[in-house]
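Input: structures, listed below.
Shared between the two complexes below is chain A, which pairs with chain B and chain C, respectively.
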Partner chain A sequence: MITELGIAVINGVFIGCVYALVALGIVLIYRASGVFNFAQAEFGTTGLFAAYAGVVLWGWPYWLSFLFGLAVAMAMGLATERLVINPLRHASRVTLLVGTAGVALAAIGIQFWKSNEQPIRQMPKIVNGIAAEPFGTAVTYQHLVTLGVLIVVAAALAVFFRSPSGLALQAAQQEGTAAELVGISVRRVSMMTWGIAAVLGGLAGILSGPNLTFTAGYLTFGAGAALLPGFMAAVLGGMRSMPGAVAGAMAVGVIEQLGSLSIFGYYTGGGAMMLFFFLLIVLLVRPQGLFVRKAVAT
Partner chain B sequence: MALLEVSDLVVGYDAYPVLHGIDFTVEQGELCVLLGLNGAGKTTTVSTIAGLVKTRSGQVRFDGKDLGRRSPSSRVASGISLVPEGRRVFPRLSVRQNLRLGAWTRRRHSKIVQRQFELVYDYFPQLAEREGQLAGTLSGGEQQMLAVGRALMSRPTLLLIDEASLGLSPTIARSVWEVTSRIKQDGTTVLMVEQNAGALPFADRALIMEKGTLVYTGVGDELRAVNLREAYLGA
Partner chain C sequence: MRIRKRLRLVAALLSIVAFTVIAGCGLKPGIAQLYAPGGTGYGAQGALPGQPAVPGQSGTFAGAPGGTELDALPGSTASGQQYGTAGTGGTTAAARGSGSGGQAAGPTAQAVAGPADTTGVTESTIKIGLHAPVTGAAAFPQRSFERAVGVYASYINSRGGINGRNLKVLFRDDGFDPNKARAVCKDLALQQKVFLIIGGAGSDQIDSCARYANSVGVPYISAGVHETRPGLGPLSALSTYYAASLTYEQQSPLLSRLVTQQFSGQKIGLMVASNDSLDNYFAVQQESLERAIGDNLEFAERVPKTIQSEAPTIAAQICNSGVEAVVWNGAPSGLINVSKSMTCDVRFLGPGNTNGINIVATGGCPQLDNAQFFSGFPQLDKINQLDPAFEPAYRKENDGADPDDIGIAMWGIEKLISQMLAAGGKDLSRQSFMAALDSGQTFSNNVYPPVNFGQSRFGGTGMHLLRADCSQRQFITERLNVK
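Presenting the complex of A and B:
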């Protein structure tokens, strides 16, 4: 039992790292634009496809393909902001949500169209090999790289939000008109936010890709599905808290794994059911999420 | 040459005209009050000067230059700062962070920013005492002080204040007008939008608007006349 628990926690934390990268992007965009971004995971899949093309199809060095994948993800984020979010900026949040879902579906459609000849692909690992085997489960170097990247990203975001640009981003989200009135270009801030969020999605896709085979829609509903867990993590964190999103992602990853323990009879869907009940209880007890104080009146 | 020259300004929202060709000037060092009832077009006037609303025709010239279709941020950089109606502070940022963002266009000039912090805290000592507090948790009067302080952080030449007294008790409103008067004495030109005729004693000049047109301009003792309120403001 202890071994099973240990394995569940370790696997949960490493899966949680990918969820955290997706959740951070979701929270960032929600804080800046008030939008539930359903395209967040597809920034990752698109980045993964681009990195795969670089390293496998075109024979580029890994680091260059990695950066290319991030650049493509960022370009997709910026294009989404310019072509969908900005023209719809006065529309309701539901319209914006549908707009981002449309971007995700369009991306998935293009991926299917472009990957017909080889529907299932495998992205090579950054570093091959197993670093340790606690409780008999393999912790790969790829897992450790993902964890390391998450730590660096989380620290960088913490610093960023205290910087002038980070404050400008928060100001633009809280009071767009007032932000314009102090000289902040809300348009530029919005583009910066979508660019950063898309890079976070790209990291999630490119770093998790080598753990599994991937197809179109990989990070949205495929083998590496992280969109729904990412949203759960963001909601647990209160939709506004970056540390909350990371902690929420770890909780989601671990609870999902605990659902597959033998005491639940290896019931398929046990992880999803446990997650659902956990989220329900948290939201009943603390509707504002675990890491956010109640709203401040203006 | 006047600091601000508004000529034949026509502004509207969709099919609805709001300003029907107004003309006025604000001289350097003046404290001007733009008075009028609800719907007179006062907020539209200052919002247009600040660049939030586009003109249909006419001109806004500042310091001799036509502002044309310049963005709000470029107008802030050139010296125009608006305290918007309803304060619009950044509620989940601290008082100090709000003020720091007010100096966004001067953020690379740390000495100027520091000087402006000192100036704002001198005008509003309460803000210094509460600098770590979230702006959304301040009282209405304190939020108004913060909104004025934030606008001052960019070291404006022309300060536009929209309805500073709205929702404030007469005592707090009076103290905000007193500080506005001090700001003017320290060299900043002020154009203040008000519905409350209580601001008149602090003004060098008053402009009164009615249904998108300017119906009265007066200076000095004329402003203290009781019939002014009766004639134009229904008070």
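Presenting the complex of A and C:
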């Protein structure tokens, strides 16, 4: 049992790293524009497909393919902002939500269209090999790279939100007109936010892809499904807290893995069931999330 | 205010769940349009009037070896042709007392007797339907299916068709989803009015469609999958169902023998997907392995039908157990994902068919090197020896494209169905067709092992054994017609 718990925690933390990258993107966009971005995971899958094309199909160096994947993800984020979010900026949040879902489904459709000749694909790892085997589970160098990237990204975002650009982003979200009056370009801030979020999604896709096989819709509903866990993590973090999103992602990853314990062996979806119960309890007890202080009525 | 806030959060969560479920169905845009409305027919063209019809019954190619045993397992029967040989009966999970009841002959054609039902049959054509996943967790390459479906139909049509009628095959993607499978089968049966339906792969999809086909009296033929499903009863009880290869339960003793011969005295594990349609197989295989290797069966566990984030945990469990081999029956993508997360070398073995296709070797190598899976159809290394007509016909139909194993599978099943349709006679009806199958006649075509429904609706008599050769990133045919 101890071994099983150890396996669940270790795998949960490493899977949680991917969820965290997705959740950070979701929170970033929510903070900046109040939009539930259903396309966040597909930024990652699209970036993964692009990186795969660079490394495997075109024989580019890994670093170049990696950057190309991130660039494609960022381009998709910027295009989403310009073609969907900006034209709908005065629409209701539900309309925006449906708009991002449309972007995700369109991306998945294109991936299917372009990838079905070989529906199951494998992205090479940045570094092959296993760094350690605690409790018999494989901690690969790829896992460690992902963890390292998450730490760097989280630190960078913490610094960013204290920088003038970060403050501009928050100002633009809280009061767009006033922000414009003091010289902040809301349009630029919005594009910057979507660009950063798309890069975060791209990192999630490109870093997690080599751990599994990938197909169209990989990060949305495929083998690396991280959209729903990413949203859960963001909700646990109160939809506004970056550290909360990271901690929430780790919690989601570990709880999900606990569903793989042998005591749940005969119940399909044991992990999902535990996750939903956990989330339900959190929402009932602390609807504002675990990491955001309750708003004071004014 | 607080309640509204909570309601908003709950609504957002529900939206997320709904979106994920809808997206998760894996519907590929373009697939439906590709085959609908009306579906693209394959093979109805190209008949050459005046050419003699190819004998359809128990047909073998002159000069082609008939069911060769390459390296027979001790105790397994050399294959040869099986004219008049009874098919194997179903297998019961004695441990659970929930067997399929396949020992007795299945429902006979009399059960569906009545006015001759000639739906899908005209003076000039026989229209049949086929469903298989080109999207979802067991996705097969769409292009492969586009190329493969209808190759044999065109081939036989160019030689006079089946008793003078051309064969036309309609294909539908079932998305590896039982609900979608039922919907596409409903379309094939009621809108397209096909004569019969073929189930390509996926036990849940085949189960779902077979039960629907039975409800509307449409003959349904599939590769062998599970025999029974909790609450729904055995497939052999369906009056229109026929399995053209060994069921998973029937393959369990073959697997146990393989394990005994190759891993004597070593620890073995059993992992089966948690679909309820595999409950009986799980019990039968566990019992069979316990009988064969006793305490060396280290674990017998169920795994999720679609393995996602669970892959590393399952891999760790396998490696921590110290087993040498795992008998696996689950989705191919899950197998690949688990193998990629493993820190140890373990051999995988399992029943056919989907884990033995080359896309699994392509995705799973090098971890799946030497994995062995049974299959209803041979691989590319043997097909030209067994059926020299396949490759030229495939290339001719596809502008010289290289054949693949999906092409072999489709060729084999269409050939088998053509033989069965020919056996239904010139005055073909669903009744005459099923009477011909129930008559005990053996259908042998050098691709699928011989099939005989005289004793049971589970008409397979053997399986080919494939082995993953990661130096070529494909499966090779290790043994033919293992019994």
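In this text, the second predicted complex is superposed on the first by the 293 of 298 C-alpha atoms of A that agree within 3 Å, B and C clash if a C-alpha of one lies under 4 Å from a C-alpha of the other, contacts with A are read in each partner's own complex, and residues count from 1 in each chain.
Here, a residue touches a chain if its C-beta (ideal position, glycine included) is under 8 Å from a C-beta of that chain, and two chains touch if they have at least 3 such contacts.
Remember, it's a predicted structure, so these values are computed and weren't measured experimentally.
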item: Joint occupancy of chain A by chain B and chain C, clash or fit; value: fit
item: Which of chain B and chain C A:183 touches, first, second, both or neither; value: first
item: Which of chain B and chain C A:107 touches, first, second, both or neither; value: neither
item: Which superposed partner A:247 touches (first chain B, second chain C, both, neither); value: neither
item: Touching partner for A:9 - first (chain B), second (chain C), both, neither; value: neither
item: Which of chain B and chain C A:72 touches, first, second, both or neither; value: neither
item: Contacts of A:174 with chain B and chain C, given as first, second, both or neither; value: first
item: Partner chain in contact with A:36 - chain B first, chain C second, else both or neither; value: second
item: Dominant toucher of chain A (residue count), chain B or chain C; value: C
item: Minimal inter-chain CA distance - chain C and chain B, angstrom; value: 18
item: Intersection of the chain A residues that touch chain B with those that touch chain C; value: 297
item: Chain A-facing residues of chain B, complex; value: 50, 52, 71-73, 76-77, 81-82, 84, 87-93, 97, 100-105, 107, 134, 136-137, 143, 150-151, 153-154
item: Residue numbers on chain C that touch chain A, as the complex places them; value: 1-2, 5-6, 9-10, 12-13, 15-17, 19-20, 23-24, 26, 28-30, 134-135, 139-143, 274, 301-302, 304-305, 307-317, 319-320, 332-333, 336-337, 340-343, 359-360, 362-363
item: Parts of chain A lying in touch with chain B, wherever the complex brings them together; value: 164, 167-168, 170-171, 174-175, 177-185, 296-298
item: Touching residues on chain A, where the partner in the complex is chain C; value: 3-4, 7-8, 11, 14-15, 36, 38, 97, 101, 104-105, 108-109, 112-113, 116-122, 130, 133, 135-138, 211-213, 215-217, 220-225, 227-229, 231, 235, 253, 256-257, 259-260, 262, 265-269, 271, 279, 283-284, 287, 297
